[in-house]
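Quick heads-up: structures coming right below.
Both of the next two complexes hold subunit A, though its partner changes from subunit B to subunit C.
Now for the complex of A and B:
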């Protein structure tokens, strides 16, 4: 008896150490990549110059490159990656299926369509775009839920409905791009795949504010997510207001997702990949929201660096994450199919 | 109980559906309308007079007449592509015994696209003649790949597993297509339709090239239809009736891939036409493939041609690729089907 208690305590402690270790490493990597984003470029500036510029000094040449190009790009990637990671993880754990991530079931596409409509057709910016994309994301969630409810709820049906939604909304985005006379390739790629090109400082505040205020709430509710993971009955038995918790989580996760999408476009597969990778690194047992967010940051910044410098041509980040993410999706599918988890 | 329902099922399969003639008639009327619409509508609308002039007086030189004459190959091509995609969808649904099967949902069109784009970029391939073979190889490989992932594990190839495998593969392939095309603006400008699908660049040479594939594919479809009907009753029943299910499946799958691969080679990946047309027909006529296959060809041709008109009208000065239009109209069918599926069969 006593022995098993110590065993459990020991296990808990080990898991916590592992959580702290992994989170620390992810954080360190994120810092490294952020510095990379600031230091690397077509012209390399000495690190201390870049540092001085960040501290507010004005050095001709360096100031422009760092303050108007690299810093907004880095911050956009940082915050969007964190938002995508947390929101993907939240949906995946809430629906208890890694495939139920917002970018697979069309929620991202819903936000993206609204953002494109506001920016290219209405020429709106800032708050209007943010609010529209959040609302549109929530409507998409609602529609997917209504369509997939049926007589008995099934996650499989939800995913199928979501894939249909995704196809439809992407067609809508293509149409809006055409009508908005934005047939130039960079902007099309931004809205179909996601890109950090052309990120500007004044576009960032809505996303940053949302991440700073909403992400902590979603992370704090993460405890409850792990209870929700036990299933409806168990969660109710443990005294959780399942409906209220779920509602708050959905609104929070969709807000994060929508703001990130409105800023960078729907960066392919980041929301989908972050959760499973974090789970693999940390293991089960503790809330993975923060590691998932950090994995998202690392994915976006890493993929953007690869896209910018690894090839002769500069690829937008979404193309790189798309190529990285899709094989993982296939791998995950084969594993789930073998275990018989999909149906 | 089950033998009774089997018998009813079998009876349904051996008789002519009672509204067949009505449907055929309506279909032909719609086909006529869509052809006229496709010839007449676009960034410049032509009058009836000009339409007649363009079609029947070869040597007049009016502007409208020339516009119509330019639109003829495009119309013919979209009719053929639509027919091919319709039959391909019907065959795929029969082979996989899965209501949600369509060359685009299963990722096959994207596979064909990727191979063509690779061919253009790395092998300097320039003629449509060579595209077709590359596209067929790509379509074939993707079909095998998606089906083997989708049928792993318990329960074989359920609709959900197949759709997921297809969607994942499609996403991977389309990222690769983007990555290959992006740095090469000449490929991008000329062949942007390889990512969405468009019938706008049709010419008679392409159509001539396409016809043999269309004929062979549809012919195999017709020939295998009775046996596929038996397959719908289950593999055991089919083998009892003396059908070699393995070869049958292979034949029908090859025909389906032939049709959608050739279409993709010339028009790019056009989605959801097969799903849409085969389903509408199945809904009206019931499960007999002998009637579903020809009428899917008809409805596919109508759907694609009308979608192309809509794309031209919505595009303003440019035009909206037909693949975008069909995705927007076809995806709700996928949602509808998902809603109707029983949980067990997911």
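Now for the complex of A and C:
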């Protein structure tokens, strides 16, 4: 038996090393991309000038570019990416299906619609927008649940209902944009696809606070998620309060998602892609919430840098992530079709 | 040796949504023994098992463990005494054997804590008993049906409960693996005194491996006791509506039923029976 213990310890340790290695590399990449966000721009400033500005010095020209434009843009991408990644991973794991991502089944669209309504029509800001988008996201979850309930629970039906909700809510967003922002193409783009353009420092605190307080809770529930994954019956017999756990996870994940959406717009497919990419990199067994969040950060920052500098025209981040995500969505849908069900 | 418990169903009525399936069952699970619930399809044996494992809430009556109603016992505390292998648990995609077995440690772990030495030992022991240690780093998807079932049972064993419920642990397995699983469960019962309660489809294997039989019909307990006392052709007729003769299992000495159909019956022995079925 001692031999068996050693054997099991060895296997677990290997998986843990891989987790630490991958997470470390993702973190390093995120730092690199964050630096890139601060250093790159239409005017290149020396790295030490940028550093001095961040430390609080005032250097004419550099201060404006870094403090007013690049730093808020970088922070918005960083926090939104982390929130999208964790939120998507949580839904996908909880519902045991990569298609059950909040940006596929309409939850993001629900938050987005509320944010657009508050900002463009009511001209509200800050707390009101945050609260409205969280509540709207939760209402969307509830509606999807009610519409897909049927006699027995079916994840396939839930996803199809969610895709319908998504289409409806996106139509609503388009309508609100037509009414409220006829002349304002940048803001329209932001609410259709997500963008870091025009991120401002004073818009960020609600998102940052939510990520700092809610993300740790969702991450700490990783072990509970892994029990929930075994199915309702097995989880219950292992002593997990399944309803309570699910409720906490949904509220947490929707809060993260809604605040990120209210800040940057629904950056296409980041929530959808982060979990599966993290899973591919880390493997299964340990909780992947943190790697998924970091993949989200890297996707958003990387895509934003590509969108800003790789082409003649500057594209908002959501256009680039959309191009990345669409093929994967098609791949999953064809696989679902081949197997005859959504699983 | 696992501790003895008084585990009882009292006037239990249970079912799904609007449909009542269990109609007032009273029973007491014999401690440190192997009990098997038998009955025709849809007689409520799985439902009763699930109700006793608090997967279904009884609409009246109650399930008590050592005199305390199970819905009053904190979830994790109950999960350290009573474990259950559901009929179709879900395999998370790409998970390895030892990680899956390790999830059985959940009721013993704190909110933040990682794996303790005790956790590793329990997992190793469970995997050794079920003979799956060598598969430790394999993915579940790579295993055969019999191996997979042994891994699931190992997960339930890692939970280290005194009482273990299994809902049709041998369904969909080849006969070789059915016998293998039942032998392993018997080892477990004999070595550790684990109280085992399971639902089985095969009557003769039930009679062979059970210390105690609960026979159910239409949501009610029809008979219970040692297989040699309970298993009569009259009971089988009553439960399954099947004519049979009961012989002594040449290997185990337990009762073994031999069904009597309309065909392939010796004229000289059962001419009466055959005559009946031809006219009816």
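Everything below uses one rule, namely that the second predicted complex is superposed on the first by the 324 of 343 C-alpha atoms of A that agree within 3 Å, B and C clash if a C-alpha of one lies under 4 Å from a C-alpha of the other, contacts with A are read in each partner's own complex, and residues count from 1 in each chain.
The definition used in the following text is that a contact is a pair of C-beta atoms (placed from the backbone, for glycine too) under 8 Å apart; a residue touches a chain by one contact, two chains touch by 3 or more.
Not measured: the values here are computed from a predicted model.
*Asks:* Under the superposition described at the top, does placing subunit B and subunit C together on subunit A give a clash or a fit?
*Replies:* fit
*Asks:* Between the C-alpha centres of subunit B and subunit C, what angle is subtended at subunit A's, in steps of 10°?
*Replies:* 90
*Asks:* Please indicate which partner A:161 is in contact with in the superposed arrangement: first for subunit B, second for subunit C, both, or neither.
*Replies:* first
*Asks:* In the superposed arrangement, does A:268 touch subunit B (first), subunit C (second), both or neither?
*Replies:* first
*Asks:* Which of the two partners, first being subunit B and second being subunit C, lies in contact with A:4: first, second, both, or neither?
*Replies:* After superposition on chain A, A:4 lies in contact with subunit C alone.
*Asks:* With both structures placed on chain A, which of the two partners, subunit B or subunit C, ends up touching more residues of subunit A?
*Replies:* Between subunit B and subunit C, the winner on subunit A residue contacts is B.
*Asks:* Minimum C-alpha distance between subunit B and subunit C after superposition, to be given in whole Å.
*Replies:* 18
*Asks:* Help me check something: in the complex, which residues belonging to subunit A touch subunit C?
*Replies:* By the definition above, subunit A touches subunit C via 1-2, 4-5, 7-9, 11-12, 15, 96, 220, 223, 226-227, 229-231, 233-234, 236-241, 279, 283-285.
*Asks:* Enumerate the contact residues on subunit C facing subunit A in the complex.
*Replies:* Within the complex, subunit C contacts subunit A at residues 50, 53-55, 75-80, 82-84, 86, 88-90, 92-96, 98-99, 102-104, 106-107, 109, 111-112, 115, 120-121, 123-125, 127-128, 133, 136-137, 159, 165.
*Asks:* Residue numbers of subunit A touching subunit B in their complex, please.
*Replies:* The touching residues are 99, 104, 147-148, 150, 152, 154, 156-157, 159-161, 163-168, 170-172, 174-175, 178-179, 183, 185, 189, 193, 268-269, 311-313, 315, 319, 322-323, 325-327, 329-330, 333-334, 336-340, 342-343.
*Asks:* Contact residues on subunit B for subunit A in the complex?
*Replies:* Going by the criterion above, the answer is residues 100, 149-150, 152-155, 158-161, 163-165, 167-169, 171-176, 178-179, 182-183, 188, 196, 271-272, 314-316, 318, 320-321, 324-325, 327-328, 330-335, 337-339, 341, 343, 346.
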